[in-house]
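So that we are looking at the same thing, I have put the structure below in structure tokens.
The letters A, B, C, D, E, F, G and H name the chains in turn, as written, and every chain counts its residues from 1.
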């Protein structure tokens, strides 16, 4: 696994990351890391690699866009002096264009998304051991659905930034593909966005496979 | 994996199984299967084997002893017509002897425990494809601690019944051993009984390893 | 308009009809008729035709299928001695097949749906002046989506029963078509099922156009 | 209809406008525009003219008088840069004179009312496409009732200002006249001020008829 | 005063009598007699005539009509073996005809009202020292208002029954007349039915003047 | 009565005055003047002298001593520009010496009490038509009880200040005397301090008798 | 101490005994024995005599009189098969005569008190090792206060029954005497009945001194 | 006893001291001193030595370490001008190292603990009559348990500081020893840290024995 003993991983994002995490920092006893993929990752780290004493901090905030991340990047990421940072952002950047089309000041269009995410990555790389970028996703199997198409475009931007900056990259939308072939979206997420634990486990597994986690060690 | 498409698994037990599951049956949308090892098992089933459409029903009830299970076995297990049944019981049978020693009618001593668990297994085997028996556990690393010693004795009874009846068997106490070597009990469970998600994930993994689950398929 | 002075209309269905109506009968002061299409219909009746003194009773119950309607038909419809009955049912009959596929006892397949709805209509026609049948709907614009396809099939059954029994018929799915051409589903209903007031108004308008309501009288 | 694609309409007033709208701005998902005439107008806009993508913002605040509006006019109207503004104010200006006669500092007498409303209109006209002024109303059919007489005087002031400034004008009291001929006030509003949805629909319809809304397009 | 030491007075009626009284019997410590005219009467009894040790029991229930009183007369009046009974009923009998005109089964028309009230009085007189009948009222100063006219008719029925059966009689509507000449209804009761403490004190004073209470003893 | 049309009376004190009054000013609709003697006085004013339109403002705050009154006198009395002021203070000044004897900084001894109350009266007299001073009281019939004796001393200080400054004076302790002869303290106030409505009515009556109120006008 | 290893003591009474104990039986973890003298006794038993493993069950119920005890004696005492029973009852028997004098059916006069308590003692003695009778009390230092005098009479009845039946006897009123000489009642109990923990500790100490508890062992 | 009439004792610490005490100062009526050993000490002071009028102030705050105490020492101890100060701190200093090992900034290691506690004692001694130092404790009977070993080391530091500064010293861990020989930890404290009232009474008794309290005076 890419992580070493005592290293610190900050996982930041929107409601998919947040999931009722503790404030101000999502770490510590009980449900401090929330009830989503972050807590699944944390639980698998400590139950399978107890000797590593990894420190996972959930810094997701519901409703966040990449514009929100930028505003709180200094205090919520850099000041925590992480060894590793994972970012999953973009769902709300797209969603607001579809669920409240008239409120245009809430939309984050693709150029701002690309520029901001790239800026955050560049600003952070010098002080960390690595960054893990994850695509936003939409649990809509129809690839021609307008919002799904937008989400895929934002996902491609993530990939592009990952490649340009040489970071880890995980295509979460792709990770959901085999699941969506057998399970209808309504059984994963009533709004096709906020998954139940089945969906969160799929995200956690994709993350863990990228970082070299070994379930059978 | 031992489970086939569309099969139904009933998981029964005490608060370690329950963990805020839905009533009357712990299945369905959202957190219906609770927030413990059952929901982790269910989430890993559906995210990794989505094509199997397995049906997991959490029937745990906090505070239950094997005596409680017997009272509700007909309605809560047999009437559900499961293909598979998992049982993790005994913690309260032992704990009450230690946390409320003066209330003796709340204690379930080892002879009653053995006889009752054996009766439930024998009564159930003819109508199911298999039973998975799990030991109770206590997150106390000191093997000479009186309550830990009692718990180990109850665990040996489970093993004995499993062997006699030819069921699956999982030693949960043993599964915690490598974790307890690196993590102090207070970081897993303040009362050494109710684990956080790290502990539940350790249980889920032990269960999944027994049933032939393949994380990397 | 087809309704005359002092006539009584019972509107029955599932959560789309219910929307927090009063119990046991959804009529009377304040929000007694709920906050959905029934209350919009009622409000337009009394504000535009105040002299008719029409009596609208909302008898919807969230989560109902046609099987649920049958169980309460005597007390919740016939005993109220309505002049008119409107029925919108079927969404949960279909939805359960998609959002909890493993819990098969919660599914109502199309044969049971057809037989039961037909039975209720036939049982009621002799004692009322008319029945208004409305199709179930799904705010999914992709006609090839599996759940949308199922819903369309159930809608065709409603039409078939309406024609056979010579009742009023409203194709609610069709009524949403022009709206869905301009508004993405997420802006109407996060789960594509429970519409906001925009969607309820579209239902109310389709209903009122069928019954000869004149907005400009 | 007088509104064009993508235009923004701010509707401001007192509790009749507010009706549990979202803060700070009454727009967005769910019940953001409240549960009164504003939400009915918004729902009819989007269900009947979905292609226009009109943006309706409810800025009503319960208990407001015209004096309150003046205090928040810059932030709550002008700063939002609306294309259209609707104003319904005056009920509390009058009511306080009748329901708490001893607390004279809470009364807004007719000269202050006229001057303030006129000032707000003049201040706003240069930057918008149009203003819609609505009279306050009182659901008291007896034209000789003292409070009704006062309300009628305030209503005449609204008409006078509308004519002088060449704005749209809607006589809401008059719109209720045909309803009050058939429905006793207690069935519309227990306090003769806060209508149920029947009353709100009457207001919405009067508004929509003034702005050229076509129910049957 | 007509009451003697240790006598028991049961005061029954609707919400005007109830006003949050204690269940099942409105007597005892704190706010047991409610917060309306009954508690004012009780407080004036004990503060001005402390030596009499009168026992006042509030048996009002919100929403009651004379039909409701009949259903509970045996348990709620006769079984308490009162020395005196006061009755104020009829507001809901009339109001329902005006605030929910379509729900006719909730209306109590004047013939049923007269017959039932008379029956209750006749049934009770033999076992008590006296009955005090109070008219229902409506805080509407316009004597031509339809609901006020109805209420006056019901009030005349009370007077007729009082005279026929030779009971005490208090015209509460008349007692409000001098107050309504100076105070607008909205300052007494927003819905013209449920008075604030000013109105309740007016009722209490009318009651006390009828029973010979001396404020200045 | 000493009050004239439209005059304003501020009633200030501790919890006996407060009794859940509205903040910041205890006046207006519903229970704004609280549920104690102030609301009884207000209700009797308006029900018996409706033409006077008196304005009663309850400014009591639970737990206050005369030291607390001094801190808020400017904003809570003088700034309101009353015509009349009533003061009932001193119970907590004494009570704290008995119910928390060790916390001496919470005690207000008699010299500070006298000096402060006298200062407030002198500061206020020039701008008002009159002041009504009421003694604190303790519903303890045993005149030799230590706290009762203290309370009586504080009461004598009130009388002394009233005489020196020529204000109205009401001996509330004396007003309770005839009631206490027949009713045991526990039936008036479980803690012998906070009376039920019987006790509040006794206070209200003593106040009204001092100001020339005529119950039988 | 009179208690031996593993013996069971049931402590029954009214609110002084109850103090938020657990239902149905006041024993077990946390605050199961309540927050009053019973929990203090229990805590001192186990902290000072941990080897005795005494079982204390709190069966007090707020508001109980001796009449209430009789109704539940079989289920709440005898069925529990105690070795020892303590009884403190009578406060409400007396108090109701003083705090709600008009509700005579709530009073338990001294003859009924004596007969019932004697009956309960006689009925219980054969099956237990001993009974501890405690007097009711009233934290009123004035021995001439009417309610205090009544309470003392009831206390003498307890003593008389204890002597006649040869049970343990504790004069709780006397135990409070030295405390009341230095602490005013308001600092022990605002209503002179429900003591704070200081008062409960005084009761516990009186109980423990009677049963031979040794603080310094 | 070492305390004299009217002296003030401030007891400071963590959650074992706090136990729901009142804010900002834990003294006064009802449960102001909390529900733990402080309230037991206070109750025994006043019930056994009522003439001393001792003033006990609970200043514990849950979660505090010695680092937290230092931050609030001026306002929470010195500004209160106590005659005596008791300190029980260190449990969280140790526990955080075991229950959240990855969050190192929450740990207080033994050097910082020693230096800080010594500093607080030295800073306080000049202005008080005496300081009572109590060791932290852990209800773990196994002396080889890692956290118990750490706690014992911190306890030895307390003893060392007490001796060096000549203060009172109480070994709370030792006081629990005889109890732990008979009662399993789970019956005293589910988490082996927060005792039930049995444990708090053991602490109170150890404290009282050190200060010369005489139970039998």
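What we mean here is this: a contact is a pair of C-beta atoms (placed from the backbone, for glycine too) under 8 Å apart; a residue touches a chain by one contact, two chains touch by 3 or more.
If you're wondering where the values come from, they're calculated on a predicted model, not measured in any experiment.
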Pick out whichever of the two, B-C or A-C, is joined by more C-beta pairs in contact.
-> A-C
Among A-H, D-E or A-B, which chain pair copies the contacts of E-G, with over half of them the same by residue number?
-> A-H
Inter-chain centre distance, subunit A versus subunit F - centres from mean C-alpha coordinates, in Å = 64
Taking each chain's centre as its mean C-alpha position, how far apart are subunit C and subunit E in Å?
-> 45
Junction residues of subunit C, two or more chains touched | 29, 53, 99-101, 183, 187, 190
Subunit C - residues contacting subunit A, complex | 95, 98-101, 142, 144-147, 183-184, 186-187, 190-191
Spell out the residues on subunit H that touch subunit A in their complex, using ranges where they run on.
-> 99-103
Contact residues on subunit C for subunit E in the complex?
-> 6, 8, 27-29, 53-55
Subunit G touches which residues of subunit H in the complex?
-> 29-31, 35, 39-40, 42-44, 46-48, 50-51, 53, 178-179, 181-183, 190, 196-202, 205, 209, 215-216
